[in-house]
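Two complexes follow with chain A in common, the first pairing it with chain B and the second with chain C.
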Partner chain A sequence: LTVHAQIQSITKLFSGSQVRFQAPPNSLVSFFDASLPGTLPVLNRRCVEAAVMTGLALDCVINRKSLFDRKHYFYADLPAGYQITQQRRPIAVDGTLTYSHLGGTRRNTLITKSVRIKQIQLEQDSGKSLHDDRRGQTLIDLNRAGVGLMELVMEPDMSCGEEAAAAVRELQLILQALGTCQGHMDEGQLRVDANVSVHRPGDPWGVRTEVKNINSGRNLARAIDYEIQRQVGVLKNGGTVQNETRSFDRKSGHTLPMRDKEGLQDYRFMPEPNLPPLIVYDRPSTAPPCVHPSQVVVLEEVRAGLPELPRARRTRLVESYDILPEHSFTLVNEDGLTDYFEAVVKETKAGPRKVIGWVNQVLLGLLHHHSLSVSQSPVTPQMLAQLLNLQENGQISSSVAKQVFQELWRAPGKTAQQIIQEQDLGIVSNTTEIHRICQKVVDSHPDQVQAIRGGNKKVLNKLMGLVQKETKGRADPVLVRSILEEKTS
Partner chain B sequence: FIQRLLRIEVSLALKEGRISPTELCRKCLNRIKKTHHLNAYITVSEELALKQAHEAESRLSKGVSKGPLDGIPFAVKDNFCTENIKTTCASNMLKDYTPPYNATVVQKLLDQGAVLMGKTNLDEFAMGSGSTDSAFGPVRNPWSYEAAYREKSGADPDADWVIAGGSSGGSAAAVASLTSFFSLGSDTGGSTRNPGALCGVVALKPTYGLVSRHGLIPLVNSMDVPGIITRSVHDAATVLGVLQGHDVKDSTTVTDHPTPLTGLPDDFDPRNIRVGIPKEYHGPGLSQETLAQWSRVADMFEQAGFQVEQVSLPHTQHSIVCYHVLCHAEVASNMARFDGLEYGHRSDVSSSTEAMYAATRHGGFNDVVRGRILSGNYFLLKQNYEHYFVKAQQVRRLINEDFRRVFGSGVDVLLTPTTLSDAMRHTDFVQEDNRTRSAQEDIFTQPANMAGLPAVSVPTALSSRGLPIGLQLIGPAFQDRSLLTVAQWIEQKVGFAPIRYHGDAGEGEIRVDVLPSTPTVWEKNYLIPC
Partner chain C sequence: MSVVNYARTLQKVILNIGPRCYHRWVTTASVALRIRDSKQNFRCRLWCGLLTPVHYQYSTEGNTSKVPSVATWEPVLENQLPPAKQVPADLVDKLERLALVDFPNQEGLVCLKKAIRFADQLHVVDTEGVDPMDSVLENRALYLREDVVAEGDCADRLLQLSKDTVEEYFVAPPGNIPLPGREEC
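Right, the complex of A and B next:
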């Protein structure tokens, strides 16, 4: 995968114009961005810091000295006719991205893998071009021209769409935790191109194609899996795979050859003469004394300032709450879910393991079903905590609790207490009443009673179900079971 | 004639009220009109200049001068961006381009109260050594109209005019023809020193990294420097003092620079100074007269007690070829932005973006520029990069090391010719193409650009044709001040005659003998702090 991550910074990589999204066209363009003659690049410290933070989070070797180069090609959204990038010596190399996904037959086993990071380099983003075919013209917006990017190149260590999607998800979480990139693929903040090739085991690697125009993790997986199948098909039919760039079409799920944008380009790389080598220092003491601290990036300081990364967060959750790795994976994987979980745990006497089930299955299930994010949940952590407390107090049964949750979801204006009262869902502990109902069920099902007395204890569950149906799930299940057992012994 | 005064004397004259800034400005503007045939200016900023002169005058009347350059007319080569004033680089591509900002060096001069006369002519995009390849016509050397040239060679200036040198020919001609007291040129391979020598003025190429390039439309980013052209070494030192310094907008300017020049010492002991004469600079094509001047000044040094010795810079012969490779490669890159999309000339062709680009660039650039772009791109192709670009950079390091070794051994300054000969007639010069001429003419000047060293050209005498000959001093990096000190010594000793125009006599203006043969009164003037 080749990932382009837009750096979260106030200004652009080499100029002082602002980085903002969805601003009026050509309103965030400095003289340098427009390539006005005589303007020169000035490196943005924050962008260097972001690249170093990202490199450290991915266990990369940070190159104490890295260089800038010009990559030349003509395109309307590239005003200078070249992009400033780091081809010879990037800022970070040789890292690892460890990622997990839920696999196994029931998709609840955590499988952990890793992919090597070849390098991370700083480079400029290009402007945007919009083709107005009706009028036969192209409109150029340079707001994005010059925004800082981190290009991350991964080694081909992944073998299917699911792995790639999981790797990208983990990368997103890391970048978001670091604050170096907001990582929204659909907004173009994180752009992923997939390089795919196939070969038979033992054979040399096949010709690869590059797949572009992927705007989500899900589509990444689809595109890769389609391309794998396509290449296998081509080879099985005796054909050869072309080294080309293909575009993913999300409607059909296919990859299509791209209109030949550049042909086989010779980028005529040349060192960028206006930028001296970028030096990053180990410790404050190794930085040159005459330079102001705001002008240097010191590794020791950056390392010390790194926030809690997703990996560490997951471990912490497992240790603090005694939940399974699979549980913490789901918590960290969904934006806001960890905070939600921790908020519920704080306010309820129900144990974390109990809460996990509610959060990871009941809540998450509904959120996915309605395509909502955690922040859009109609049931707040406080509401769920209250509900769980009612259950813990013995006021409602577990099945009623689930019912009430659904109600809260649908009509969040009410409290759990209100719903229970209105629909008379409180646990029935009137033993006389339960006895009467149990007796009724036993009397009307002589065959089942016979079976139980014969040794088939499982049938008791059926009778329990019938009693619960009578009581609309409000009977204390423990009490019902003991009464039935007594009556069928 | 007031304009023949050196800047410092004019400064004094302004201070003492013998002439006002607006009067001075008007005189220079009139002179520009009178010397229109030289084609030294592309744009004359008359309104702005008068406005600035008025402001200087008002400051002067209140006794609040901005500094030594307050009220002094100057000119700027038309490849420096000037806000709201057309900046063309003498090219069709930028024929109507008006920058929205000032180059740092221009801003610094305006902040000091200097008065901008206009933008001077050059070879298109600073590519050339004659100022003959401009979209606005060639620059004529003012000495073509001088009494000496006409008398000594019996030439008719309108037919036999000589070139001003390049690429900053307009800037040199402006100072030599007395329409401004100093001017800015640019120097990539000798583009300030070459016209300086041919026009008989002082031309300084500062150390790379000492003066900001922000706003200088680049030719070769790793070699370009803003150049300073003046009528005296002291003036060059003053202007350098104003211009030098770290610029946050130019990442190649140094942060720990030497203290600004406030004046040059004249009390040094020649016996402590070692002057090197690089033997490799005695090459083919060097004219007898230039060689004679070189020997003359070397002898002068020796007689005065300087230690003069022969030195060797063995890689000199390879320098020009490597310079061309690196120059063309960077040119190809720097010119990639000129596509007519955001600014500049745009062709009418609109069948596709590529077609538009191609037509725009073909129509906007002359064949010199296009030739360099093509060869530059060739050198940068993946399969060629190692053989040309990398090799040239490696040889560049060797050239750098040649200088380092010589200066490291204790030599303080090198004395060399600036150009092969005095100025050629235009009709002769154009017998060979731009590339051939550049290869010939840049031979002594481009090594200093390859190594980033300071160098200055000082006029020493007139040739038998009545045209100036200049000699060059090259110094160690960041020793610009010491370099100018030695240059000033030469200036004081050689007694180079000032420019005198045919038909000057009887104009009724105040005349001041600028360069007497014994520099006494004159020396004292230099010590007056401004």
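Right, the complex of A and C next:
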């Protein structure tokens, strides 16, 4: 995978114009971005720090001295005719990205894998071009030209679309935690190109194709899986895979060859003559004494300023709340779910394990069904905590609690107490009443009772279901079960 | 009194003495510039020059010039150079496409071959154990700018430079226009 992450900074990489997502066309363009003659690049300190932080978070080796190069190609959205990048000696090399995804037969086992990062380099973004095919022209907007990008090149260590999507999600979480990139693929802040090749085990690597125009993690998985199938099909039919660039069409789920790419490009890399090497220092003492501190990037200081990474967050959740790694994976994966969970646990006396079941299955299920994010949930952590407290106190049974949750979701104005009172869902703890109902059920279904006495215990669940229907789910299931077992023995 | 004023006064004196003393004199203004920091030296030497109009070199003491007195240029012989590389027509086409240069006819190709041969002289230099240099700025410190907005918001001035604009966008032809093939030239 080749990932281009737009650095979250106020100004661009080599010029002092602002970085903003939506702005009037060509309003955030300086003379350098428009490549007017006589302008020179001036490197932005924040972008260097961002690249170093990302390199440290991904366990890379930071090159103390890195060099800038020019990559030449002609296209209308690249006004200079070249892009300033770091090809010979990038700022960070040899890292690892450790990611996990839920796999196994029931998709509830956490499988952890890692992919090697070949290099991280700083480079310039190009402008945006809008194609007007009707009039045969292209409209160029240079607002994005010159924005700092971090290009992360990964080694081919992944073998299917799901792994690639999980790796990109983990990278998104890391970049968001560091604050170096907001990681919204749909806004173009994180662009992923997949390089796919197939080969039989034991054979050398096959010819690879590059797939572009992917705008979400799900589409990435779809595109990679389609491309793998396509290449396998081509080879099985005796053909050869062409080394080309293909575009992903998300409506059909197919990859199509891209026009306008003539064979292998020769970029004529050349050292950037206007920029001296970028030096990063280890400790404040190794920096030259006559240089101002604002001119010096010190690794020790950057390392000390690293925030809590997703990996560390997951381990902390598992250790402090005694939940399974799979649970903490789901918590960290969804934006805002960890905070929700911690808020509920703080306010309720139910144990974290019970809360996890409610948050991960009940709440998340409903959120996904209605395509809402955690911040848009109609049920707040306080409401859920109240509900769980009622259940803990024994005022309602667990099945009633689920019903009340659904009600809270539909009509968030009411509290759990109100709903229970209105619909008379309080627990039935009158044992004589329950005995009477159980007796009635047992009497009206003699053949099931015979089957239970014969040894088929599963029929008991059916009888329990009938009892619960009678009591409208208000009876304590444990009590009902023990009474039924007693009656049918 | 500044050195330049001195020079002007002396120039007037020299003119009155006559053209014989002009010989081998660089204009006094440039003399003034060359030994700007040693006024004593200048005055004393100039007076000596007036009184004894002899020819002398402008290698003044206290200024060790590295410019040699006699030309040291040695032409590189053809047999010292590595064998000449052939430039196939495909490569010329590729270069024309990549760099957008034009080699319209045989003369252009001959010029290219001569240029390559001229550059081959670099191979004669022994670079054993010497690191390649990218630019003369290598040993300078790279200036790091603070992340503060300082430029931008000049859309109208930039759009004025373009021949064709549509609603604040620059207009370009779609994609890359393919260059005509060799046969069509």
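By our rule, the second predicted complex is superposed on the first by the 470 of 489 C-alpha atoms of A that agree within 3 Å, B and C clash if a C-alpha of one lies under 4 Å from a C-alpha of the other, contacts with A are read in each partner's own complex, and residues count from 1 in each chain.
Methods note: a residue touches a chain if its C-beta (ideal position, glycine included) is under 8 Å from a C-beta of that chain, and two chains touch if they have at least 3 such contacts.
Everything numeric here is computed off the predicted structure, so don't read it as measured data.
Visitor: Would you mind checking whether chain B and chain C clash or fit side by side on chain A after the superposition?
Guide: Clash: chain B and chain C overlap once superposed on chain A.
Visitor: With both complexes superposed on chain A, which partner does A:393 reach: first (chain B), second (chain C), both or neither?
Guide: Once the two structures are laid over each other on A, A:393 reaches no partner at all.
Visitor: State whether A:82 touches chain B only (first), chain C only (second), both chains, or neither.
Guide: first
Visitor: Which chain, chain B or chain C, is in touch with more residues of chain A?
Guide: Of chain B and chain C, C contacts more residues of chain A.
Visitor: Which partner chains sit in contact with A:35 here, chain B, chain C, both or neither? Use first/second/both/neither.
Guide: first
Visitor: Which partner does A:25 reach: the first (chain B), the second (chain C), both, or neither?
Guide: In the superposition, A:25 touches chain C alone.
Visitor: Return first, second, both or neither, reflecting whether A:375 touches chain B, chain C, both chains, or no partner chain.
Guide: A:375 sits against neither chain B nor chain C.
Visitor: Touching A:10 in the superposition: chain B (first), chain C (second), both, neither?
Guide: second
Visitor: Let me test your reading of the model: by the given contact rule, A:450 touches which partner, first (chain B), second (chain C), both or neither?
Guide: Neither partner.
Visitor: Looking at the overlay, does A:74 come into contact with chain B only (first), chain C only (second), both, or neither?
Guide: both
Visitor: Pick one for A:269: touches chain B only (first), chain C only (second), both, or neither.
Guide: In the superposition, A:269 touches chain B alone.
Visitor: Could you tell me which of 293-301, 383-391 or 401-409 in chain B overlaps chain C after superposing the two complexes on chain A?
Guide: The answer is stretch 293-301.
Visitor: Both chain B and chain C contact which residues of chain A?
Guide: 31, 34, 36, 42-43, 72, 74-76, 138, 140, 266, 268, 273-276, 291
Visitor: Given the complex with chain C, which residues does chain A contribute to the contact?
Guide: By the definition above, chain A touches chain C via 9-11, 15-18, 24-32, 34, 36, 42-46, 48, 67, 72, 74-76, 129-133, 136-142, 259-260, 262, 266, 268, 271, 273-279, 288, 291, 294-295, 297.
Visitor: Could you pull out which chain B residues touch chain A in their complex?
Guide: 80-81, 89, 94, 97, 99-101, 103, 213-218, 220-222, 248-252, 255-256, 329-330, 332-333, 335-339, 341-343, 353-354, 357, 377, 380-382, 385, 389
Visitor: Mind listing the chain A positions that touch chain B in their complex?
Guide: Per the stated touch rule, the residues are 31, 34-43, 70, 72, 74-76, 79-82, 138, 140, 266-270, 273-276, 290-291.
Visitor: Under the definition above, what is the set of chain C residues touching chain A in their complex?
Guide: 94, 98-100, 134-135, 137-155, 158-159, 161, 166-176, 178
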